[in-house]
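Okay, so subunit A shows up in both of these, paired with subunit B first and subunit C after.
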Partner chain A sequence: MDAIILQILNGLDKGSAYALIALGLTLIFGTLGVVNFAHGALFMIGAFCAVTFSRLLSVSHEVAVPGEVDFLGNPMMRDVPYIYDILGEATGAAVIDWAVPLSILFAIPVMIGIGFAMERGLIKHFYKRPHADQILVTFGLAIVLQEVIKYFYGANPIPTPAPSAFTGSFDFGALLGFDPGSIIYPYWRLVYFGFAALIIGAVFAFLQFTTFGMVVRAGMADRETVGLLGINIDKRFTIMFGIAAAVAGLAGVMYTPINSPNYHMGMDFLVLSFVVVVVGGMGSLPGAVAAGFLLGVLESFASMPVVLDTLPGINQIIIYLVAIIILLTRPRGLMGRKGVMED
Partner chain B sequence: MSKSNLTRRGLIKTGAVAGAAGLTLPTYLRADGHSGFTNAPTGSTVTLGFNVPQSGPYADEGADELRAYELAVEHLNGGGDGGLLNTFSSKALDGTGILGKKVEYVTGDTQTKSDAARASARSMIEKDGAIMITGGSSSGVAVAVQALCQEAGVIFMAGLTHSNDTTGKDKKANGFRHFFNSYMTGAALAPVLANNYGTDRKAYHLTADYNWGYTTEEAVRTSTEAMGWETVGTVLTPLTQTDFSSYIAPVLQSDADVLVLNHYGGNMVNSLTNAVQFGLRERVANGKNFEIVVPLYSRLMAKGAGENVKGIFGSTNWHWSLQDEGSKAFVKSFGTKYGFPPSQAAHTCYVQALLYADAVQRAGSFNPCAVGEALKDFSFDGMGNGPTLYRGEDHQCFKDVLVVKGKENPTSEFDLLEIVEITPVEQVTYDASIFGGELGACNPGA
Partner chain C sequence: MLGLNKQDTRLLLLVVILTMAAPFILNPFPEGSAMAQFNAGYPDLMQRFVIFGIFAIGFNILFGLTGYLSFGHAAFLGIGSYAAMWMFKVLGMNVLPALALSVIMSGIFAVFIGYISLRRSGIYFSILTLAFAMMSYSLAYSVLATDMDGPDKQGLLQKGLTGGETGLQLTLQDPRILGQQTTAEGNIPVPSLFGLEMRSAAELNVGDWVFTFSAGYYFAAFVMLLSFYLSIRIFRSPFGLVLKSIKSNQQRLNYTGMNPKPYMLAAFVISGMYAGLAGGLMASMDPLAGPERMFWTASGEVVLMTILGGVGTLIGPVLGAGAIKYMENILSKINSDILHTWFAFLPDGLEDFVVAIIYPFIGKGWHLTLGIIFMLVVIFLPGGLVQGGQKIAGMFRGKKAADEKADGKTTPAE
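Let's look at the complex of A and B:
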């Protein structure tokens, strides 16, 4: 039982990342009708916003360490961040320690800006083109973006730790009456799950309870009629693209302490997130979220030794297997709407 | 009575086809492409082919390999401070190139993909006339390129490849490896683990699902079980896996008190980070502190894992903090040119380039079969690993192996590992027949 609870927890945090990326993908597809293969790259750029912000906070000058030499026998130099000079060492160190959560403030305008630039500069030219063209151009853009990141940051993963207050794990075992230490879960993963739930809730609330959201939903249902009413739906959809980019970027920012970011992390999530969108139902926001968590949990269960002993290799195919079964039994996915991508 | 169908038109057609085929044949298969062997140098220069990952997940490691090769070429041509030429026990090389020919080089991008690596190696051999191919950061790539070089009739000097198979079941007469292997890791690491963690341990292995992962798991399992450890679980993880939490969680449910991560590169960074996040470093199991082991360390990868490597044992082929004359000379030479210490990948690649050049010089010929003979059973010193033997039976170098540990208090971003033991070569030597395979005959490509 404790193993099952642990794998459900694992699936939920993995599902959180899938759900956030799939949510953005669905927003873009639902509003603009564009299949955006560069969405994983936005997740990756978000992660590198955290890396960049951490590095900005850590910009340093060198101070010689008396009595010590470096590997070539020259005087050893120690890096002292400028922020120590400005705020004092204790406060400066605390700010650097909290770099990842603080980088959310940095990432939001950057990601919205990148979203606007992508939509206005490239993607708007492909609205009336076939989906195959959209996939090709956005996939190409994703490759360009990841190569740009690799050029500036290298190919190796870059450690970006969580604030020290969130290192360590929470003992669910003791809380739920199991053996202490049998169900422990890292604090930051719990933070990530809570953060994902908050963002998903905020996006739904924005679409459901604001006038802007109402117009966007109306535009998603019938773009032409909304346009005939004199509403500039294109402008609103561009803003939604920026919001979707920010959602992916924030998912990336908060993911960095879970796995050290590298230039390829967007591609690692992209394909799975597309499967999530298809399983959830093209254009369905609740479907994307539900499928994200469902597939995350299933993937976790498929990695259990007892499952692998019975069905070797199932961990590598489970998501695709479930996608096949769902598409055979429910061709529009779990919550897909009639008419989407069917013309 | 025989009947000939030969006609004038048929003869012209056949001749045209044969002529076209002749023009399109690979250089190394054409009679004018060699003088008894593939790509025999005819002018005043000789071209080496450096096949390293310039893109893909190991691009940083590949960049360090390329730096090392460029430094080797500089030293072979008499530039710089001479580096390891000053400490190398063989004095055949004199800084005038190889056999008086100035060394030039071409590069290829393996992308850490076997097919791409073979294509780039083939291009360097056929189009650029490379006489030797060297480099790489993956055993899959090494085995694939080694087989190609065997067919093409050029020498392959492997870069960073740690699987037993490279000089085991997949060994080739034209292929040579300086880097150590999984067996040596197991043999060197197990006694250190037993000394530090005791002989009554239960180990759980997470293993990358490919060639190198299998041989490393087998080597570490065999060696630790011989010391009294019990293996309570082994799970293969997909090479593409990025989040290992669902593989770490079952470790908590098992009665293991040691986790062995048979992972390299990004896999190692992520699995180790996840294991530390799940509190395994603070865990107590079976009345003992839970321990994590990373059999193959790389400083470049350790940097990616950050603080998580502290106190964790592993093995490495070479480390810049060694204090022998060869290591000091190489660190000084590389550090002065590039501003930071070299990685183990850079070291093995630099040494391989010099060993090849020295073998040619001693053989007095670029003929790969003559070079191979000069490398076989060649004993040398002064290259940073102590006395070393290029064993003739499998073309594997035998030398001391370093057991290292993540440093608790690093003084710089390069100071991540500390050497805890230099395992003597006798302890890591094995019978060449245990891994099977046949070297076969040397192929000069003629």
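Let's look at the complex of A and C:
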């Protein structure tokens, strides 16, 4: 029992990332009808927003340490971040420690800006083109974005730690009445899951309970009619693209402590996220979220030693296997609508 | 000639001449000159040109004709490589049986994968093929690489079917029942065609120029020409017309009482066999097969090649494969020192500036250039380099002549 709970928990953080990326992909597909292969790159850029922000915070200048000299007799120099001068040493240190969560504030405008630029600059011209062209041009864009990041940040993963308050692990075993230490779960993964749930809830609430969301949903159902009613649906869809980019970016920001960002993390996640979207059903937001968590948890179950002993290598292929089975038995995915992407 | 009309014969002859004279054409700069690094006429690279040409030609039969975008074609490339390697290990170093098994094995897998994947279309088809390819990759990487002989034996399957991360390699212990197990010097023999070693080469010195004629290249080029000829025949055949009609309007085809499924499966299998042939040739040129050949980036590469050259055209995929492999091997070799020598004539500050501007696009950053070129092609030239060439030719000859060309109907892919 405790092993099962542990695997579910382990699956949740990866599932959260899949769900968030798949949610953004589905938002873009549902509103604009565009298959965005560059969405993984947005996730990756979000992660590098966190890297950039924590580097910005740590920009420092040299200050002589009073009373100390090195062996040549020169005054000892020490690097002091500018933020210490502005906020004082204690607050400054705390801000640097909390760089990753604070990067959210930095990432939101950046990601929305990138989303707008992408939609207005490139995607807009591809609405009337076939889906294959959209896939290809965004695939090219993903390569370009990836290489730009590689040029500026190098090819190696950049460790970006979580705030020290979250470095430990939470002992679920003791809480649930099992042996203490049987279910250990890092705090940050809990935070990540909570954060993902919050974002997903916020997106759904936004679509469900605001006038803007209502118009967007109407546009997803029947774009032409909404346009005929005198509503500038294109503008709203552009905003939705920005929001989808921000969702992917935030997923990336918060993922950095779990996995050090590198330039190809976007592509690694994108391929799986596409499988998630297709399993969930193209164009279905709840489907994308459900499939994300489902596949994340399944993947983690498949990596249990018991399962691996009977079916070696299953952890590597489980997601694809499930995708194949679901696509063959339920052609539209778990919750797909009729007539979406079937031409 | 050979059942082709005049225009296709001209195209085929052009390709024959270009491939046969490639060691000259690709080596335009004398050895030791500053431009010598742009020479692509060395056997290794020329072999890659034609092998990826075959891969792209095959992919084009599926994507260019039917419009089904497979994102997992590299699986067949890998299967072909592994099959050829096993033939080298078990039977002997002759390349013909190896290639035969590559084609057969990839064909069998293509029937299976195609039968399942083709039940869906559009992006679902792409995802299904991607899923199969990634599964093949993962299995080749992990499960199929475990010791299947048992701990006390040191047999053929000691590293599994695929050899895992290090890849499948030839060893001195391989049986090679029809050929020699080891050479006279006690080395592992090299792949050959009835004794003609694939890596043997002749050099011709003309003044400062050095031209290399490699047996491996000419063998691969010959195979490529055969596949190219076959693809022309497929394009012009009634079968090819059915495939084209699948792309333009599948529903209408259904109404005429035709069942498109067998045709699509046939196209998928043919295209998979081309990929297997390319994989087998890769293993013949350099006897090593690794799982990374099946990774989805390899599948993406052939998509890039086909689109870049011109999807649905005959010669486009070969051009695209050549362009990408040329960039990968030549552009990536330029470093900042070379750039500085080129722009040395500029004043110092300006020189540094120009070099700093160009530097991100060359050397290790060649992928950036590739991505940008690819995007520009998709946006402005849906017909790829072939369409670009036609547009330029049209400008010289006046619009009408270009429009009348048979291959001018480069409709964007769907």
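Everything below uses one rule, namely that the second predicted complex is superposed on the first by the 327 of 343 C-alpha atoms of A that agree within 3 Å, B and C clash if a C-alpha of one lies under 4 Å from a C-alpha of the other, contacts with A are read in each partner's own complex, and residues count from 1 in each chain.
Assume a contact is a pair of C-beta atoms (placed from the backbone, for glycine too) under 8 Å apart; a residue touches a chain by one contact, two chains touch by 3 or more.
Treat the numbers as computed from the prediction; the structure is a model and nothing was measured.
Undergrad: Looking at the overlay, does A:139 come into contact with subunit B only (first), subunit C only (second), both, or neither?
TA: second
Undergrad: Scan A:316 for contacts with subunit B and subunit C and give back first, second, both or neither.
TA: Both: A:316 reaches subunit B and subunit C.
Undergrad: When the two structures are overlaid on chain A, which partner does A:304 contact: first (subunit B), second (subunit C), both, or neither?
TA: So A:304 only meets subunit B here.
Undergrad: Thinking of the overlay built on chain A, is A:95 touched by subunit B (first), by subunit C (second), by both, or by neither?
TA: A:95 contacts neither subunit B nor subunit C.
Undergrad: Using the touch definition from the top, say if A:158 reaches subunit B (first), subunit C (second), both or neither.
TA: In the superposed model, A:158 contacts subunit B only, not subunit C.
Undergrad: Once chain A of both complexes is superposed, is A:275 in touch with subunit B (first), subunit C (second), both, or neither?
TA: The second partner, subunit C, only.
Undergrad: If we overlay the two complexes on their shared chain A, which of subunit B and subunit C does A:259 touch? Say first, second, both or neither.
TA: A:259: touches subunit B, not subunit C.
Undergrad: So which bits of subunit A does subunit B touch that subunit C touches too?
TA: Looking at subunit A, the two contact sets intersect at 150, 316.
Undergrad: Can you name the residues of subunit B that touch subunit A in the complex?
TA: 55-60, 233, 235-236, 238, 240, 242-243, 245-247, 249-250, 252-253, 266, 269-270, 273-274, 277-279, 282-284, 300-301, 303-308, 320-321, 331-332, 335-336, 341, 411-412, 414
Undergrad: Spell out the residues on subunit A that touch subunit B in their complex, using ranges where they run on.
TA: Touch list, subunit A to subunit B: 2-3, 6-7, 10-11, 13-14, 68, 70-72, 76, 150, 154-159, 161, 168-169, 181-186, 188-189, 258-260, 262, 264-265, 268, 299-300, 303-305, 308, 315-316.
Undergrad: Provide the residue numbers of subunit A that touch subunit C in the complex, in ascending order.
TA: So the residues of subunit A touching subunit C come out as 35, 122, 125, 129-133, 135-137, 139-144, 146-148, 150-151, 267, 271, 274-275, 278, 282, 312-313, 316-317, 320-321, 323-324, 327-328, 331, 341-343.
Undergrad: Residue numbers of subunit C touching subunit A in their complex, please.
TA: 67, 69, 116, 119-124, 126-128, 130-132, 134-135, 138-139, 141-143, 146, 296-297, 300, 303, 307, 360, 365, 367-368, 370-372, 374-375, 378-379, 382, 412-414
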